[in-house]
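You will see chain A twice below: alongside chain B first, and alongside chain C after that.
Take a look at the complex of A and B:
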């Protein structure tokens, strides 16, 4: 349904175009759930914004984004507006600021219905009430006439989810939907998203920096680093045979149930304007050798599990 | 809401009390004896003393303060020393000029500034924005008396459409009176509109960067719909606050324009009363203007609370 091929995005920074995505390919079938994992600055959110057609002004895009046979990169603004919120919906990281503070949550959930389905105010409001109930915001706990500031972060994220679900999209992009929430609420919201996706048969692109989140939720996963996909495959298989040193480092850095302390990855994601010539992870990698600095490795592997590393932990 | 209104009323009374004390004290310190000024330099000392007694100026200071404040509380504003008419009538006559003028100027300022500011923000960095802000810059820099003179030259002398000055009163019908106020309202309103347009632009640009604007676009709203439905309402609070401030200024801070157009407004009344040591008029006017500023601020707060539910709930 969604087919992104060799997507390259460059953004204007300090007077010149800096590549933030280099040849990202990913595909989603109808009803499938895929995780996009990486630290901040790895290009996960840019991938999402490119699919939505909401990249910052001045962005240069190359490659292919096909959605149900339509070429989104060739689509004009009106076509994208008709698609956004109706067939592709998005949930954002910051529920505290993602809602308009001046409008009731009912009005905000009803808005996509009014825009895309030309519903009357009354029937859109009724439908918004149902949607809010579906994400667990039913009276007496919450009513559609509440304002965002009267809700907790978790409740607000439920509102954003209800809003995204309003028109029954085919694809839901959730960009770090639980990062800003309390740990106890994170699991609830994640279960809600995964449950809704499974019930409605919509595809889910879940963006997160937390490998733990991915392991519980998605069928397939892609690990991104510095604008490239470095490892991908079915979730179970990747977890069973983690090949890329970066994937392993991410796992060590995520809070785990065994109670071990997370081990942060030393160093930083390179600034997009100063990415190393070879493998971008090499400067932080314990397994890096001289050949790693020559050219960025490409994804290799016979089956569904592929890795872009010259010295993987296991050959996929 | 009742508590909110009650608190506001208390603030109003306290401010009026403070204003009355300050203006009374200042006018006591100010050199110049009203009685001596009224009688001229050749007056005999015993005549001056007699007039001082007649005006009640020889009473002890606290008593004079109490007489004045007590009179105002029962609606007795006293009698002007120089005009020998009740201050109430004097003020009422001037308000009939200054209030319509201020209302016209502020309507003009708002009607120009909000569309210009919003469109400049939406087209930020483009030619339309640069042009609009260039004109606004000129508007801010133009002294309003000079603009007034230009307007007289253009629309009263070259094109004899409107009177160059003076005020015929409202007796000859509303159009007759309004005609005399159009040019002064333009001279006052255009520079204020220029300031307001700049503030509106800045406020809209700030809200355009908010997360909820991205949410609105992700819902499928067009750029224009997102601008007017989500960005503009959120940018209005600072704009409304400034409109309130401008209105208070326009009510009595317009001596120069009133002089240019020889209008019998409040500003000139204050100016003349100070020059002629017409203490009672000055005292009354200062307290009345302080009261009007507080009432306008109160109305601004009401509008802000109407726009922004967060302010509503804080004040409730």
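Take a look at the complex of A and C:
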């Protein structure tokens, strides 16, 4: 349903175009869930913004973004507006900035229905009440005439999800939807998103830096580093046979069940304007050899599990 | 008699006044901390965990003597912080410093790093000479891995580096205790690991005690030896970090531990219903607890301690 091919995005920085995404490909079928993992600066949010047609002005885009047969890179703003919020919906990290503090939550959930479905005020309000109940905000605990400031962080994120789901989207892009939330609330919100995706056949693109969340929520995963996909495959298979040194380093850096200090990755994510010529991870990589500095490796692998590394831990 | 502990919090109660419902009514009060007891020994790393609204940050502000409690005491090496004169409190502040969550908001963007890190010396140890001040700032910046950063401005650094600057500023007066409120929550995992490693290293090298406040159990597990679990302003469980997380005694701790997403493990369906009004007299957790019995709704459990662990539950295990 979504087919992103060799997507390359360059942004103007300091008077020149700097590539932030280089050859990102990803496909998503109806009902499938895919996770994008990586640190800040890896390009995961930029990929989402490119799909939504929300890149900053001056961005230069090449490649292909097809959604249900329509070419999104050729679509004009009016066509994108008709898609956004109706067929492709997005949930961001910070629910407070996504909500209007001066409007009731019922009115905000009803808005996409009024705009996209041209529903009457009354039927949109009724539908908004149903949607809020579906995300667990039913009376008497919560009513549609509450304002965002009267809700907790987890409740606000549920309102944002209700808005995103209002028109029954085919694709939900969730960018760090639970990063600002407590663990217990995080679990509830993830259950809710995964449950709704399973029930309605909606496809899910989940962006996160938390490998635990990815492992428990999505069917397939892509690990991104410095604007490229470095490893991808079915989630269980990637975790069982992690091939790229960066994927392993990311897991080692995450707080783990054994306790003890997580292992830092030495060095820093390279600045997009000064990325190394070869593999962008080579300067931080313990397995790097001389051939790593020549050209960025491309994704290879026989099956669904593929890795972009000349010296992987295991050959997928 | 042995020395008093580095930090001893006893029976701490903190209430906030809510808006009056009408102009002549008494302002209703919200009790955020219900008599907290807490001890931190010199050189010890203690974690405080709990959800939003559990009172973690209010406890931090009381320990830093920023807000006086309605009842209870905060003692630093036996001195009651809220019984001190302003001048004595200023002298005591050298020994307790803080690191906060936001590495962007907590550093003045218009001051150079050298001045930011020197500020606690200027404020809390006014007699210090200029040369010594300079030397200590340089040493501290080297200790956090940012040598020669004095002349630069905060915007020239990444989030993780700014948090190192905040740590340097907190440690420059050589405190015995640092209160860190969500110090790595805003950082990427790899940077988080760097900052945690630095904090553990400084603890070992300088004999520092950390009071480490976080909602992230994984982070707390990696850096603290002892943990205190707060729920709605009460200590519900405490003990050695590894033992508590490996075998939680309180149903709330168990729910928290189960909710942490982990690689290669299927998430159990969430058993915790969302927040609801706490009952008047009973256990505050009874409204969410899968094991709650009539006794739990009638009578609040008290924290009972045995073998270095404590739990406030009628039916622990």
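In this section, the second predicted complex is superposed on the first by the 307 of 316 C-alpha atoms of A that agree within 3 Å, B and C clash if a C-alpha of one lies under 4 Å from a C-alpha of the other, contacts with A are read in each partner's own complex, and residues count from 1 in each chain.
In the analysis below, a contact is a pair of C-beta atoms (placed from the backbone, for glycine too) under 8 Å apart; a residue touches a chain by one contact, two chains touch by 3 or more.
As the structure is a prediction and not an experimental result, all values here were calculated from the model.
Set side by side, chain B and chain C differ in how many residues of chain A they touch, and the one touching more is C. By the document's definition of touching, neither partner reaches A:199: not chain B, not chain C. Contact with chain C, but none with chain B, is seen for A:250 once the two complexes are overlaid on the shared chain.
With both structures placed on the common chain, the touch criterion links A:76 to neither chain B nor chain C. Using the contact criterion defined above for the overlaid structures, shared-chain residue A:265 touches chain C, although it does not reach chain B.
Those residues of chain A that touch chain C in the complex are listed here as 39-40, 136, 141, 152-155, 182-188, 190-191, 209-213, 215-217, 236, 239, 249-251, 253-257, 259-265, 268.
Contact residues of chain A toward chain B in the complex are 52, 54, 77-78, 81-86, 89-90, 92, 94, 97-102, 111-112, 115-116, 147, 149-150, 160, 163-164. Per the touch definition, chain B reaches chain A in the complex via residues 210-212, 214-223, 225, 230, 233-234, 307-310, 313. Against chain A, in their complex, chain C makes its touches with residues 51-53, 158, 188-194, 196-197, 200, 215-219, 221-223, 241-242, 245, 255-256, 259-267, 269-270, 272, 274-276.
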